[in-house]
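Remarks on the structure that follows.
In this document, chain identifiers A, B, C and D correspond to the written order of the chains, with residue numbering beginning at 1 in each.
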Amino acid sequence: MVSKTPQLPTKSRKSKIYEIIFESDTSAGKFFDVALLCFIVVSIIVVLLESIQTYRDTYHLTFRIIEWIVTFFFLIEYLLRLYSIKQPLKYALSFYGIIDLLAILPTFLAFVISGGQSLMVIRGLRLLRVFRIFKLGSFMAQGNIILQSLNQSKGKIAIFLYFILIIVLIIGSLMYVIEGEQNDGFDSIPTSIYWAIVTLTTVGYGDITPATNIGKFISALVMILGYSVIAVPTGIVSASMINQARKVNGQACPHCGKEGHDNDARFCKHCGGDLSV
Amino acid sequence: MVSKTPQLPTKSRKSKIYEIIFESDTSAGKFFDVALLCFIVVSIIVVLLESIQTYRDTYHLTFRIIEWIVTFFFLIEYLLRLYSIKQPLKYALSFYGIIDLLAILPTFLAFVISGGQSLMVIRGLRLLRVFRIFKLGSFMAQGNIILQSLNQSKGKIAIFLYFILIIVLIIGSLMYVIEGEQNDGFDSIPTSIYWAIVTLTTVGYGDITPATNIGKFISALVMILGYSVIAVPTGIVSASMINQARKVNGQACPHCGKEGHDNDARFCKHCGGDLSV
Amino acid sequence: MVSKTPQLPTKSRKSKIYEIIFESDTSAGKFFDVALLCFIVVSIIVVLLESIQTYRDTYHLTFRIIEWIVTFFFLIEYLLRLYSIKQPLKYALSFYGIIDLLAILPTFLAFVISGGQSLMVIRGLRLLRVFRIFKLGSFMAQGNIILQSLNQSKGKIAIFLYFILIIVLIIGSLMYVIEGEQNDGFDSIPTSIYWAIVTLTTVGYGDITPATNIGKFISALVMILGYSVIAVPTGIVSASMINQARKVNGQACPHCGKEGHDNDARFCKHCGGDLSV
Amino acid sequence: MVSKTPQLPTKSRKSKIYEIIFESDTSAGKFFDVALLCFIVVSIIVVLLESIQTYRDTYHLTFRIIEWIVTFFFLIEYLLRLYSIKQPLKYALSFYGIIDLLAILPTFLAFVISGGQSLMVIRGLRLLRVFRIFKLGSFMAQGNIILQSLNQSKGKIAIFLYFILIIVLIIGSLMYVIEGEQNDGFDSIPTSIYWAIVTLTTVGYGDITPATNIGKFISALVMILGYSVIAVPTGIVSASMINQARKVNGQACPHCGKEGHDNDARFCKHCGGDLSV
């Protein structure tokens, strides 16, 4: 960027790093990817183990050392990514760029605020890199079908969740009025709404349960509502996935133009024409 | 309505109010809609916060003032709606008309009966106005598909719920006979039915659990029944939604203009005309 | 049956009773049906209320009187059914015949064994008569679609349940070995299997929960298994219902023989021919 | 194998044993299969009962005797299988071969390590033999549809589970940071992840529940997420089963004999031949 004469070697070095870090076609690139994945998994395991009192007390120093090594590796990796890519700012503001940065910060944050270290599990999000690291062809295609199905149904799901919101609001308030005085669990409307969500989603912790007869009756109605209403998101996504599967499989016949062929079809099922033409 | 001479200006004033309150094409109408939504949300938040002991004690006066302001605004709005619409009675007896009235009453009811204020959360139902306020084109279409699917399956779902009712009645009584004497939880058949619903819907609070071996065995059967039987409403709604989706995809017939054709239809099912023309 | 001369009037009386009890075309038949339904509902409510201690103590005599009236009515009805029908034995051994008998017995059983009265809730099964009483045309059609779908999938569901059985057997034993010594909840394999069912079906009472780390880990796996595996019965029934819906709607075109027409179709979508010919 | 002259009778004896043990066409073979099934069921029941303290104390000797008889029978059966089959090693390393061996070992293991006996419930896996024993034609076909559907969706389900893993990792860590100090339940990240799985899968034991307001709010979000997200595996399997059902319905091509045609196919997708010939 500064000197003009050694442009080619610099560019070559840059693109070499780019190839190693961003791609996985070369053996160096593959090695880097596997190493990165190991570092991510190790860093997560360390965070998990460190949160357990007994391990924290016994292996405190070991955990600290591993953590710094991992952070150092992540830092180098992040800087190399910024250096080797053509549009560093675009990367830095991209989804993966932000996660990569967030994976480094907590270790340093721990100096400033206590407990900041716990946020290190945001590194878990780095596991999403798996999809990038191994360019998992068929896996990505499968994942895309799921995402497109969800994307296609997001309007319906939003309306569904909005109705659920109104329902738990009304039921929560009703139960507060009914149970509030005799039952410590329903001591405020927000808590009652929390109970309504616990019940409607069929989670059923049992930390708050109705005590009055009318409260139990309404609870029973809420349960049956939740039990039946789960059919709605399921139906939405099922319908969308069936639709998606049909579309993905289909290609138009070059002879008659009709669609809906299976993936393994070699001839059109409508006119018998060769699909591979 | 009374004087005949200033008819035109009155009508114009009326229709101007109508435009602002009932429609959202003008900028004044849009402003009104957003303001209304804010008032609804604020009123709900106040009711939620007021139900929490600590907030109620500290900000009692603030809550009361906001409540009266909101109620006053809702009252004015309700009267203007009655005044500006052509058929006030029809509006007053419509779904939204009753909700709008119910949103005002609780504040006044609080003078008559204590606790009446809590019913104020019926204002939550006013959130349904969102669909009206923003004439959410595609959202409404999506919502309609859900509603039509549910409407189409309501017969099947009613039968399903009727069977569930009979099942929990029988199981509840059976468990009362089995567990009743040794287990305080099953102290009456209604309570046992409540337990059966909690178990069949896979909510599983755990406030009442079987103690005897045979009781546990029957519980296990009920759980597996509930776990399998959830497939029924889900299947009903899924089948209905797929059907609905297929219809929605269809095109209008160029001959009779009717819609609802399957994707593979070549001729109109209403008039027999060629769809490919 | 015995005397031959007064044959006609006897037959007419028999068939008159038959019409009233078994059919609902005449006004007398309708009145009988509604009365029967009321008696069924009243008898169930009495059993429910009587199981509650406070009500039992206060209204003991009232309950007893109502019970005897209802039982007497059911007895008369049962005898009249046997008398008026052409094949009494066939009725007596039919599904409804057995339920009708079981609805009468418990009151008498109460003399012989204590607690026998509680079995009276078998009367709940009489609610199934609703489907007979009101010859609920479209309702029955809808119910038939559900039953046929379930019937069609019963092989798949049986295999699914068999696998579930094996899974909970293995997991229950495994958890008994792991948790048995430290956790009172897992004190025998049958109890551990009960826990496995509670967990796999996502009921989750919480009366028995894992205490060890490895136990929690296995529990988590069981939960995720149960959460994913519920897709199997749901998928089975959904697929079957979609299939069923397609078949029920379809009729073959009299011109081209193709199927898959909608219920409201008047012309074939394949050849445009009139379906009503 | 050793002597050459009595080859035929030996072979005949071998193949006779093979017929009895591996096949079920002869009456001897059928008797053996039913006897085997009885032994499997008896051995499982004994293990279940023995794990219950009271039964263990009372019937200790009986259980021991039955156990040794069953083990002896299983041992003989295993050796005969090895002897009569043509490729003993292939059988020994096959799925059923390993299970058959594992069914024998625990009784002997009990001498070496205490508690080893409990592993005997691995015999439960022998129940899978049911599918072999009765060559359940239509059952196997149904089971194959399920397995093929699951096989077809395994890519999508793997991705789904991977996302669930990342989600519970992040949510578990978040809740540890939020609840950790005030709530004994969230004393480490692994425990918090366990809670996240309990909540997301809607099991909801209630052994660990949020205590803080923000914790309850996040729990509510997790529940709604779990309640909606269950639609994904359900949709995947439903779509796959519908697809499978469609294929199963298809006919064989009269030209090339291949199957798997859609119901509306007019030409073979493999060879382009006319299916209606």
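Rule of thumb we're sticking to: a residue touches a chain if its C-beta (ideal position, glycine included) is under 8 Å from a C-beta of that chain, and two chains touch if they have at least 3 such contacts.
Keep in mind the model is a prediction, meaning the values are calculated, not measured.
Student: Could you run down the chains that neighbour subunit A and subunit D together?
Tutor: Shared contacts of subunit A and subunit D: B, C.
Student: State the chain with the largest centre-to-centre distance from subunit A, centres being mean CA positions.
Tutor: Centre of mass proxy via C-alpha means gives C as farthest from subunit A.
Student: Could you work out which pair in C-D, B-D or A-C copies the interface of A-D, where over half of the contact pairs coincide by residue number?
Tutor: When the contact pairs of A-D are compared with those in C-D, B-D or A-C, C-D matches.
Student: Same or different, please, for the subunit A to subunit B contact, judged on whether over half of the interface numbers appear on both copies.
Tutor: Both copies touch with mostly different residues.
Student: How many Å are there between the centre of subunit A and the centre of subunit B, using C-alpha atoms for each centre?
Tutor: The mean C-alpha positions of subunit A and subunit B differ by 31 Å.
Student: How many angstrom lie between the CA centroids of subunit B and subunit D, rounded to a whole number?
Tutor: 43
Student: When the centre of a chain is set as the mean of its C-alpha atoms, what distance in Å lies between subunit B and subunit C?
Tutor: Roughly 30 Å separates the two chain centres.
Student: Where does subunit D touch two or more other chains at once, residue-wise?
Tutor: 160, 190, 193, 202-206, 226, 230, 234, 236, 238, 240, 242, 264
Student: Help me check something: in the complex, which residues belonging to subunit C touch subunit A?
Tutor: 202-206, 234, 238
Student: Can you list the residues on subunit D that touch subunit A in the complex?
Tutor: Residue positions touching the partner: 155-156, 158-160, 162, 165-166, 169-170, 172-174, 176-177, 180, 187-190, 193, 199, 202-206, 209, 213, 216-217, 219-220, 223-224, 226-228, 230-232, 234-236, 238-240, 242-243, 260-262, 264-274.
Student: Which residues of subunit D touch subunit C once you look at their complex with the stated criterion?
Tutor: On the subunit D side, the touching residues are 44, 47-48, 51-53, 115, 118-119, 121-122, 124-125, 127-128, 130, 138-139, 142-143, 145-146, 149-150, 157, 160-161, 164, 190-191, 193-194, 197-198, 200-207, 226, 230, 233-234, 236-238, 240-242, 244-245, 264.
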